[in-house]
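What follows is a pair of complexes built around subunit A, which joins subunit B in one and subunit C in the other.
This part shows the complex of A and B:
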């Protein structure tokens, strides 16, 4: 019986391993495809081959130092500034809120979490019209601040959620235990609480940053030129001439903004998964 | 959703009954709680509640940004115009079709992926890592990758299909030339991008099922499908509902992929794209606001249906 069973589970394992190959191909094909496009020269761009016949760096030169760099580099800087500032503000505010939710007893806890949920399912485009009107009136249209403020509606609720789920798992009693053992409050906080809480804070920051980095709706609606971020700039890339498709340049720019993020995700895979799913199944 | 929030205020709002009996310590904890969580709470409201209320107000005007002096109060006229316009209903149909197809396909693929990831041993880490890649890619980039893949000139999909079907499939088929073929391409891009998120939520639910239940069913001779429908799925209903709710609402506000892949040509607009075109392209602030309010109401409606009929307790979804 046991021999049959282990034999069968071995067979299952092999079968699962084989199935995982097409799954991996499915997830990798579009990213490999955009990489392949980015290294095709304009002559071979339309050859329809998945694997480029030869590798050319022309598209990267075009967007990093060539004609398109005045479009791409400022957009990259805008994206980084806007997303980092929005993430920083959200994570700091959410840290206080999540601490209160995880550790303190006060009325309205449920209200805060429900509001965070309601805000996060909000249709982003619904905020665009009034903000467009308002930002034009007060001079925030096409500025970095004019993007950072609406980005908080994406990043803040997410940070509050993820971080409160993380903070609830922290064994807070250890702080008191350390104090009983003679540590000062500051020592207890620095030596016990900070190491326990920082993975959660860090993971929240990564997920929050992605959400802001991914935004397209606010970026194309509330900017026209100066504050345009990468996703918006990609959509408005034009070819070197009117008759030339900017496919190669878009592909190269896409690879530049995608690869670092993919590496980040792969490195912190475990934490990101736990952050994304934390508490989601307790309902 | 809004009634949920209001009910909460009445029940547990600060300064409610019972305050007098509280000890000083509990009082101090209350104050500290709101001092810490208050700023985040106020900012969340300020960046969403204020604009949406503003949109409701603006939607009652005939107001074009290029001609501010002609701004006129017209009450619900904008809504009447939109709801009798074929363009709006076309966008609603597109959005509903995209939502239903993508969410249904994602649920099936996501569930299959979750079950494989749950059982697999050999490339366990690698598989779980690689599956996350679509999540890490900007939606706009994913839409471009698929647009270029489907395109007649630069694409490889037509050539592949042509070869696989031994020439039956024309390799000059224009996917973006027709309404439903373009929507198909949009769906593929969306499904690819968001299935990992779905499968991770489902995997988390799957991991919580007591393994002995399935084992017992297996011993009793239940087939794979019996185990799936009688044991596994009922035991992870909550996780499925949460995943469905999130993805449905997310799919319903689809914008990025439609904008990049078709920009609404061939009657492929989504509701969000209609709102964008009214506001940004035509600077019809009044009309754009009305579309925004209608979209917001749709999202509220969908959430209400989920909460009511599936009894998803939203406050317990995360954190609590």
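This part shows the complex of A and C:
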């Protein structure tokens, strides 16, 4: 959004570039390695070469149409459904909660915020056993809803914090101007606040989505065959024989699972333009 | 088009502090009313209570006779221009101005909306900016967009909350005349809040001066200038401000630092029994005696600093203030947002005057233009109620004829 500072000397820029390269390498090499593993045939899997000698799509074929597809495809579908629904509900609820927290004074406001923080710090693994028992008793074990609910509790606190920070940044005068112009509170919210808070909404959506997408603990404990999501399904991949690790298949599955998240982030990144409100008020 | 009445408005915050303390105002249909006062006097709070963004602790706001205390802002049919414009940054200028019309779903067709927005933008010279976003506009342009948004709806009243305070001086002058012209043209009742007394004097039909939540005086600019009701109003209105000189009372003579003035008639009655008074004389009533002769009271004084501006000249004459009055004058200065500077008299002389710095100058003034104030209560003892009423009547007649003229002009244009 802001142009590169023209008074930053060339020297600074090149120094910055030099320092960034190891960091980028550190981040990208594991991912590239997994991608290269996924296109290696099972024979060349352990040859230790970064760039595969020959590209073989066997692993992909295996998990998408071959033996492993009855494990992988339903898991992919489950993941998509569970994560999209959880994200949607979380964002909507967080939006209303954050608006109330940012704009209104009500008793218990501080309590809500501190509870939200406390809940998100709580170690998830300690919740899993009691939740398993409860879900079995209630009949939510191995259902998509049974996963959506814990994901909401994982993601709502963070969503509320992020969104209330964004709402606080929007000057109250915007809504007041809308009210004087003839808007009801709901119209002012929908037509003025939501567009201005869209950076916050998309940030929240992205973070919520891949918190749910990457979750392993809840997925493995609260699902069996029907509602299993991808992270859990990957744990059940078996190789061709009991001595062979299904590394290639797992790598291919990992690539497939990472792709949607990468696309989402790239698409929404453009929406997160901060400074959207600059120019609305003086200064 | 409506008359707005404020009856005994009180606004108290949680700690019991009255930000607005029993203010009553009657604003006639089509009148341009200004609320002016130093920071913290309650003028913005009063405005926000009229529009509905603040709750009213007690008192009534009536628009065209109807009590609107409990109505939401959207139901009061008023428009407001905020101090920092509050434009919608995600919408273009066209959409910003069209926003109020679009909110009333179904009431206006797309054609009508386009027409109304174009009329407003033509009036405000925004035609070439209609497709731009607020972030790319200058301060003056944004301000005009805010005004466009306010006028497009043909509301019953316009409310301005210090709209020009964020603009530079030159732009402020231009926009002032634009606002005045626009208000005459549309003939809409307007309430305008400002802390700048120049805007108050030039724009308003009537000006309400507020101090710490209390209404000091509500009158036309001329009446405020010539017949102030108390020390605060006298010191607030007029630039450079009125000179306040301490005066000791001896019989029917007022002993000022530079001269003695004998008082007669009603004034002599009022000053009997008082010890110290404050005499106020505006800078332009002091004249150089050597130019046009005596005006009544002559005296000599040493000029400390002169400022020659081409069309006029200021001379600064320091004097010693009686300690009893000095405290009062310091208080007054602070109330007027001053910094408590040294006691000095400002004299606005003719540019032809050859008075020099450090010289003993022979000055004169007409005691008829002298105001006398009681330092305890601040009341103006020389206020002539009859004259004030005459000025008020004249101003009202002027206002009505100006509106008529504007109406005739509009009718001629559209026919």
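The rule is short, and it goes like this: the second predicted complex is superposed on the first by the 232 of 283 C-alpha atoms of A that agree within 3 Å, B and C clash if a C-alpha of one lies under 4 Å from a C-alpha of the other, contacts with A are read in each partner's own complex, and residues count from 1 in each chain.
In this section, a residue touches a chain if its C-beta (ideal position, glycine included) is under 8 Å from a C-beta of that chain, and two chains touch if they have at least 3 such contacts.
Everything numeric here is computed off the predicted structure, so don't read it as measured data.
Asks: More residues of subunit A are touched by which partner: subunit B or subunit C?
Replies: Between subunit B and subunit C, B touches the greater number of residues in subunit A.
Asks: Pick one for A:192: touches subunit B only (first), subunit C only (second), both, or neither.
Replies: After superposition on chain A, A:192 lies in contact with subunit C alone.
Asks: After superposition on the shared chain, which partner residues are touched by A:184: those of subunit B (first), subunit C (second), both, or neither?
Replies: A:184 contacts subunit C only, not subunit B.
Asks: First (subunit B), second (subunit C), both or neither: which does A:108 touch?
Replies: A:108: touches subunit B, not subunit C.
Asks: Would you sort A:146 into first (subunit B), second (subunit C), both or neither based on which partner it touches?
Replies: So A:146 meets neither subunit B nor subunit C here.
Asks: Of the two partner chains, subunit B (first) and subunit C (second), which one does A:200 touch, if any: first, second, both, or neither?
Replies: The answer is neither, since A:200 touches no partner chain.
Asks: Please work out whether A:173 is in contact with subunit B alone, subunit C alone, both, or neither, and reply first, second, both or neither.
Replies: A:173: touches subunit C, not subunit B.
Asks: Let me test your reading of the model: by the given contact rule, A:134 touches which partner, first (subunit B), second (subunit C), both or neither?
Replies: First partner only.
Asks: Can you give me the overlap between the subunit B contact set and the subunit C contact set on subunit A?
Replies: Touching subunit B in the first complex and subunit C in the second, residues 276-283 of subunit A appear in both lists.
Asks: What part of subunit A is in contact with subunit C in the complex they form?
Replies: So the residues of subunit A touching subunit C come out as 171, 173-174, 176-184, 187, 191-192, 195-196, 276-283.
Asks: Name, in rising order, each residue of subunit C that touches subunit A in their complex.
Replies: Touching subunit A: residues 51-53, 72-74, 78-80, 82-90, 99-100, 103-104, 133-137, 139, 142, 149, 153, 166 of subunit C.
Asks: Where on subunit B is subunit A touching in the complex?
Replies: 1, 4-5, 8-9, 12-14, 16, 26, 29-30, 32-34, 36-37, 39-41, 43-45, 47-48, 51-52, 54-55, 58, 65, 113, 116, 119-123, 125-142, 144-146, 148-149, 153-156, 158-160, 171, 192, 196-197, 200-201, 203-205, 208, 236, 238-239, 241-243, 246, 249, 252-253, 255-256, 259-260, 272, 275-276, 278-280, 285, 288-289, 291-293, 295-296, 298-299, 303, 312-320
Asks: Can you check the complex and tell me which residues of subunit A touch subunit B?
Replies: The contact residues of subunit A facing subunit B are 12-13, 16-17, 19-20, 23-24, 26-28, 30-31, 33-34, 37, 45-46, 48-50, 93-94, 96-97, 99-101, 104-119, 121-134, 136, 149-150, 152-153, 156-157, 160-162, 164-165, 168, 210, 213-214, 216-217, 220-221, 230-231, 234-235, 245, 247, 250-251, 254, 257-258, 261-262, 264-266, 269, 272-273, 276-283.
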